[in-house]
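I'd like to ask you about the structure that follows.
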Amino acid sequence: MTRWGMAIDLDRCTGCEACVVACAAENNIQTVGEEQAREGRAMHWLRIERYYEGEFPNVRTRFMPVLCQQCGAAPCEPVCPVYATYRNPEGLNAMVYSRCIGTRFCANNCPYTVRVFNWFDAEFPAPLDSQLNPDVSVRPGGVMEKCTFCVQRIQAGKDEAAQEERDVADGDIRTACQQSCPTKAITFGDLEDPDSEVSKWAESPRAFSLLGDLDTRPGVVYLSGSEWREPAE
Amino acid sequence: MSGNDGKRGEPRVTIGRRDFFKVYAAAGVAVLQGCRRRDEEWIESPVRRSTALPSASVWRRSICGQCGAGCEIEVRTVDRLAKKIEGLPEGFVNAGGVCALGHSALQELYHPDRVTEPMRRGASGELEPVSWEEALESAATAIMAAPDATTVVSGAPSGPLLGLWRRFAVAVGAPAPVHWQSTDLVVEREAARLSLGEACRPAYDLARSDYVLNIGAPFLDGWRSAAHFAGAWAKLTADRRGKLVQVEARHSLTAANADDWLPVRPGSEGFLARGVAGLLLGSGTVGEAERAAYETLYPEAPPDLAATAERCGIDANRIERLAAELSRAERPLVMVGGSALDGGNGVAAGAAGLALNGLLGAVGREGGVFAGVDFGFEDRVAGDAEATVPPATLSDRLDGAGESSVLVVSEADPLHGMPGFEAAFKGASTVIALSAFFDDTTLQADLVLPIQTDLERFQAVEPDPVRGIPALLIASPTVAPRGEARHPGDVALALAAAAGSALPWPGFQEAVEASLSDAFTATRADAEGAGALPASLITGALNARQFVRRTTDAGGLVGTAEMRRAPVRPAQVDGEGAPAGLPDPASMAAPAAPAGVEAFTLIPFESVKLGDGRGANRPWLQELPDPLSTVMWGSWAEVATEDADRLGIHTGDIVRLTGTAAEIDLPAIVLPTVRPGCLGVPVGGGHADYGRYARGRGVNVNALLTADRQVAGVGAFARGGVRVRVERLRRPRRSERPVIYGRGLRQAEEIPVGWAPHDGGKA
Amino acid sequence: MTAAGERHLVEAAYERVEDMRAVVEAALESGIAASQIEVRSPAPLEEDELPLPKPKSRVLLFALAGAVLGGLTAFGLAAGTALAYPLPTGGMSIVAGPPVGVVTYEGTALGLILMTVLRVLWEGGLLPGRGIRSGRGRASDLDHHVANGRLLLRVHGLSEEQAGRLRDSSRTSAVEVG
Amino acid sequence: MAVTRPEGLPSGRSRSLGDGEDGGRFGCRCAGPLAGIWILGLALVACGPTQNLPTPEQPIAYDHQVHIEAGLECVRCHRGAEEGVHAGMPSVQACAGCHRREIPDHPEVQKVMLANENREPIRWAKVNVIPDSAMVHFNHRAHARAGIECLTCHGDVASMTVAEPVRNVADMGWCVECHRENEASDDCLACHR
Amino acid sequence: MTAESQPSAAVLDGQLLGRLDRRRPGLLVGSLASGALALVFIYCWGYQIANGIGVTGINRPVFWGFYIINFVFWIGISHAGTLISAILRVTKAEWRRPVTRSAEAITLFALAIGGLFPLIHLGRVAIFYYMIPYPNSRMLWPNFRSPLVWDIAAITTYIIGSALYLFLPLIPDAAVMRDRAAAGLRKRFYAVLALGWRGTAQQWHSLEWGIRILAVAIIPVAVSVHTIVSWDFAMTQTPGWKSTIFGPYFVVGAIFSGIAVLMIAMALLRRGLSLERFLTDRVFNNLGLLFVTMSLVWGYFTFAEHLTVWYSGDLFEKNVHHVLLHGDFAVPFWTMVVVNLVIPVAVLSFPRGRRPLPTALVGCGVLVGMWLERFLIVVPALSTPRLAYSIGDYMPSWVELGIMIGAVGVFACLYFTFTQLLPIVSVWEMREGWRHGGSGEAGDATSDAAATSGTAAAPVPGGGGA
């Protein structure tokens, strides 16, 4: 069995946000414009949370990429009345756009606040739409969406492997954010495979789950060691 | 065929979908059961045959031209349309990384407001479409009328294209072109010349260092090559091996990631370098040769700790600790750049910073600083044409050009980026702009020549020498050009031809190939002679033609690792006309005293969002939250918590910044990471047009700068050290509120923060 | 009683129950069966107000049957369909007890309510196509008396003689006789 | 290996196009008391008007049968049908390339030649349509790999002149049934994403 | 109750029928005016459907806004009728007789509107039917684990039950209207509604059984409805929502707001239709006592809810608690406490406060307070998510306000129209009460009320049917 997972090394994340743009480019995420963004309706599937610790001049900044945690016990799933979001056999927290009726219940119940909603139909004035990824649907208004772990790349990777009559190897499938990261702070793969890179990262003593005490069993593992990065005294 | 076939890229699809869903929603279910969208019913067969399967992804290599770094990228194309940019894993500079700006090149390519046909200002004063022939002819006429009053401005990074412009200038009889680049790059080159003995952009071996003192260089923000430095930084800090100490007035992204950040008083960076040098010299860890060399450069005694701490506004013990750690480190490295070089004393500060490397024995040492080297293809293409001149000379050039002056601007927006340029610009009788967009300069131009964007171009780039290895990267276009856009190099050649002084090549690609061919021949003739390439690069090629073919197919030339230039030692130490010493920042006057409590030091900076303003026309980047302030769509002013409390400013309030030249109003963002008395404002906002996403968005902070403030010793504007008055205007109106992504961050300071990185359970 | 020739209907409206009671008692004494007597009232009458047999109702029984039926339907819907058409849930339970319980609960209540109302309408002859046997429940010219708060006595299937007698006896106390 | 038509599937049903409901067939499959009430009540309401699958009018009356008889194979023109995600349409150049030699004077062929001369694409009407609103990403080569033949979905195009739809490819129930019977993935993400 | 009231039964009957017969231009004006307001509702909803759900002010993280607030609010209002009238019927409270009909009508209309709000709230309302379990070609079923599907089950049951519970006792009255109406459209309308009711002993007997069973059955349904509505919140992980107390808390709140709207409606009906003889001061007194009791129970629940959060020390819960009690939402919070607890207790504890006008005014305040309560449940919890980075705010748009106000118009329009067409006081139940002498409401009437009613009572039309 496969359980797709991701590990993010916070010690390597510089907050450069290349992943955020890569994600938007890969997944046809609409830009909502200044007015809508002001209302809090920006649609990034991946955000870099920034927190400060300490006070000037000994202030320390921490960055934390937050995306859908692809929970093993996802709070968003049971509340959807139409099964538009569910847990797929490969451990993805699936989001089926064509099934979604837009109750937004899932988003309310997401402890990570990572779900975003299409308040309006996406607008890609020509020829910006030439860039749209044909493997990803453009979501209509009224539909919830979120990070899919680049499911189109997962499917394409499996298809490619099947075409070549082999198994999917670790590293075959890379998410857009992972691929763009200049510091290689993100790795992606099968958590069930003990030899995969992501499994090894996940076993690091620095590994932790975001809001782990909720026991949502995230598929995203964070790595952070703090001693070196403590504020100067 | 499946129902999904078809060209999703066609413009009408999206519009159709939108309308469809409106109808869908309004009409209800029953009506819809039988009806389908018209667009879904059609599939267009391609005209041209293709080897690729329909809708299959084809990856094409290209070179990112969003900045001068020269990152190698792969472009995913489907049915001849570019879909996605990824870093080439074996990329020479970037090793697989791409920055936010690089990704957004797709939106530059497919921007709905691109200029795709030549335009000329007609009798009505409006720009009207004309044919290329007409456009070139009128441009040539204007240039021929006053060749020596013609000023060429090119924003191309150093490399063959810039060389071509130099050659162009010679051909048409114009003076040497102005190379449009940001101040700190000009200053860096001069500082390296003074301190390292060669006018170059130093190569820093960050990855193998174990302690980096970085004076101002925002290398994680986008300075030189963000992708390269991010990878190097990751290696530096991997397993907590090395440490990065950032000395910078502003809390940049690099400072945010540094292990230690010294918020130095702006303009005193060089003083700090001198102070640290003093501590090092006093620590007894400096070798005699290094000490002697340093004292040759700086005969005067460095300032003592107390003076340094006072002048720099930093705790003495932090400076002391810094010096101690530097002297303890095995492979320390000192970098300079960014805002440290932006001020009037930038050259002195940069030289003082780089000189520390000598003191630490870091010059030419593994994990130290090296000379940035290149193959010199710019000069090969330029021939014996004069070198370019720095940007600050532009105004003088235009003012001195007289009545019928002609300005040829290619890939640059001086009207936006150059303070106080308007007056000089108005003096130009003809402005010819080569641009893909109506940026501020193009908007005022008399003739607009549409040029190709990165992905449509034949690329021949000498990458930024961040690796200390010379390279020439070549790539073919990945997609067909939009409309009638042409390569700027081709335009230059066509312009020269139209002006009756044709250059020997029909196009830019041929020019590059000719220079490669020349290099081959020269190397064959004399492997040690001037203009020769390293012999190893040409082995295996029988003749010049084969060498050119092989090089273009291979995507360029890359020098081998051992070719890395031997350590450069300060020219002065070698005794070749040793000067009396470097300009000592310690001896320079401190920045002007505050004119009042509300006088702040302005720190313009390039955010990862918009870069120098180039990214402002991309919706992805506009909507990208700045990683530190989390602001989207627009400009902002970073105000220190302490100052904000004093002035009664809250996040989002509209503040007015008054400089000597102008005043600008923009929203304030109160941050605990700003040095009190400083004010960070991103550049790149406030475009007059530049497409629908940039138009009128934010403010142009360059308006606060004045042309007369220049960095001593080089022809570049001093962007740093400008003093402005700050006053709170009002609570923002609804439409003025800054678009803050992390809206809760302010409240998070008032109520218990919900999350801290270490309270999570184990995975 | 039915086939023996023409049968007559006597109607009489009364202001008060007491007036009607005397007539009904007299009619019963005269051999008219209780089943021939129909009383229409503007409000429910107490059991002992008229010497007539108490009507029977099985509403409760049907209500309970409805509850069972509704509960089963809802249970089948919530649990059965999910089992018949399992969706991929990645290891999460396809049928969970408490939610099925909630739906079953509501289904039970709905079934009960629907069956109750249906049975009430059935018993009252209020469903379309179902009138009360032997013409009872038909509109009468004297119905407006009921609407205005009076009582209406209708005696069905009388012979001409019985009808005449009843009319005579009614005239004294009735508001109107038809 | 080849799985052409799953057993028990009614063929050539008349169905409404689009995202339609199918109460009738469900009733056949699951005619228990379970859903009886709902079939009567809700399915009828939700059921759209039933109509025949229309054969769209094409800009050029392309004759499949003639081409197949002339010895061409499906993948000659629909190059991606077995190896690609999308089957695709032949380029105008490809059509013109052959027809420069073969019957260039045929009136329908002339249309192709004209399009080639003008460098204009031909707008073919889609025959088998999955509406965009379904957000389905059909992968031809995955189905070819599994041995599903073209005619399972497209019918016997080789014997058609202008291609006609024989099966509502937008009927998700049909897709799911076939997937389940062949033990292909019934995960939503296999198609919807 | 008293001896001298007995003979007046017929008179009272006449009075009541007279009230019903009289044409009331006021009602017509009311219908039209509120109908105009209902057009606002329709326009706003249409605008939203045409342009997208984004025309609202909801955003991330406040994904639920006015629509869900109003949904809970209206469902709460709906408890005015069915539950209260069922309880009164089951307990055989005689003073229920004039109240039940108007209360049940409130239930039905409030429920119809409340049930619309989740649909208005949907991002893609055109495919709302995906939530309904019905056989379909996709072989997909709704997710029965979702509280929203429970909502559908519960609200469907409740709205059907309430409609039938209103309809069943209405049949005899429809027959009265039918038999008194002149031939024509009006008569045919009532004839359809009366289903051929004649008032035979069997019919009455079955009807009484039916009402009795329905009254018992509807109480647990009503309780379950608002419990399930509360579970929309309580079943989540969201801090501020995850509370075991929510079920009973919502039910109490619902009854509380239900009584409030009932008090207002009755005060208006009493004045507007001159029903002083029937909706007597005693009715208001009794309802007032119930009202103040619910206020106290509500206050107790509120206190318990916040005490447990405050005491728990749970970081995320306390964040929500903080913004509620001291932060951005402090003003609405303390307003709510005042109008829901302080004022009702202060006013209704005294007999003088339990008269029509003060109770109605208190009711208005409680309506505002209970709306605020729902607002304070939905918005603060959502705007204060766990990851502080995403903390947000919420400001409704004109569309949401339009729909909210328009919904009141729809309700008023339906209610006025109902009042105009059908007896808002159950005629047969009043008659039953007078017959048994059990309901002495008329006897309690003050002498001046009797005097005014005397003039109004004089003409008793014989009904057009004769």
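Note that the chains take the letters A, B, C, D and E in the order they are written out, and that residue 1 is the start of every chain.
Everything below uses one rule, namely that a residue touches a chain if its C-beta (ideal position, glycine included) is under 8 Å from a C-beta of that chain, and two chains touch if they have at least 3 such contacts.
From a predicted model like this one, the values you see are computed outputs, not experimental measurements.
Steps from chain A to chain C, taking the shortest chain of touch contacts, total 1. Chains that touch both chain B and chain C: A, D, E. Distances from each chain's CA mean to the overall CA mean are smallest for chain A. Among the inter-chain contacts, the highest number of C-beta pairs connects A-B. Of all chains, the one whose mean C-alpha position sits at the greatest distance from that of chain B is C. The centroid of the Cα atoms in chain A and the matching centroid in chain E are 45 Å apart.
Work out the mean CA point of chain A and of chain D, and you get 35 Å between them.
The distance from the centre of chain B to the centre of chain D, each centre being the mean of the chain's C-alpha atoms, comes to 51 Å.
For this pair, chain C with chain D, the centres built from the Cα atoms lie 60 Å apart. Multi-chain contact residues of chain C (touching two or more other chains) are listed as 77, 81, 87-88. In chain A, the residues that reach two or more other chains under the touch definition are 40, 42, 47, 49-51, 78, 83, 86, 88-89, 99, 121, 140-142, 211.
Listed for chain D are residues 20, 30, 35, 38, 46, 85, 132-133, 136-137, 187-188, each touching two or more other chains. A list of each chain pair in contact follows: A-B, A-C, A-D, A-E, B-D, B-E, C-D, C-E, D-E. Of all residues in chain E, only 46, 49-52, 124-127, 129, 315-316, 318-319, 322-323, 327, 385-393 touch chain B in the complex they form.
Residues of chain A touching chain E in their complex: 36, 39-42, 47, 49-51, 66, 75, 78-83, 99-105, 107-109, 111-113, 115-121, 140-144, 211, 214. For chain D in complex with chain C, the residues that touch the partner chain are 30, 32-35, 37-38, 186-188. In the complex of the two chains, the chain B residues touching chain D come out as 1-6, 17, 20-21, 24, 29-30, 32-37, 40-50, 53-56.
Within the complex formed with chain B, the chain A residues making contact are 10-12, 14-18, 20-22, 24-26, 31-35, 37-38, 40, 42, 44, 47-52, 55-57, 59, 61-64, 121-134, 138, 140-142, 176, 179-185, 202, 207-213, 215, 218, 221-222, 224-229, 232.
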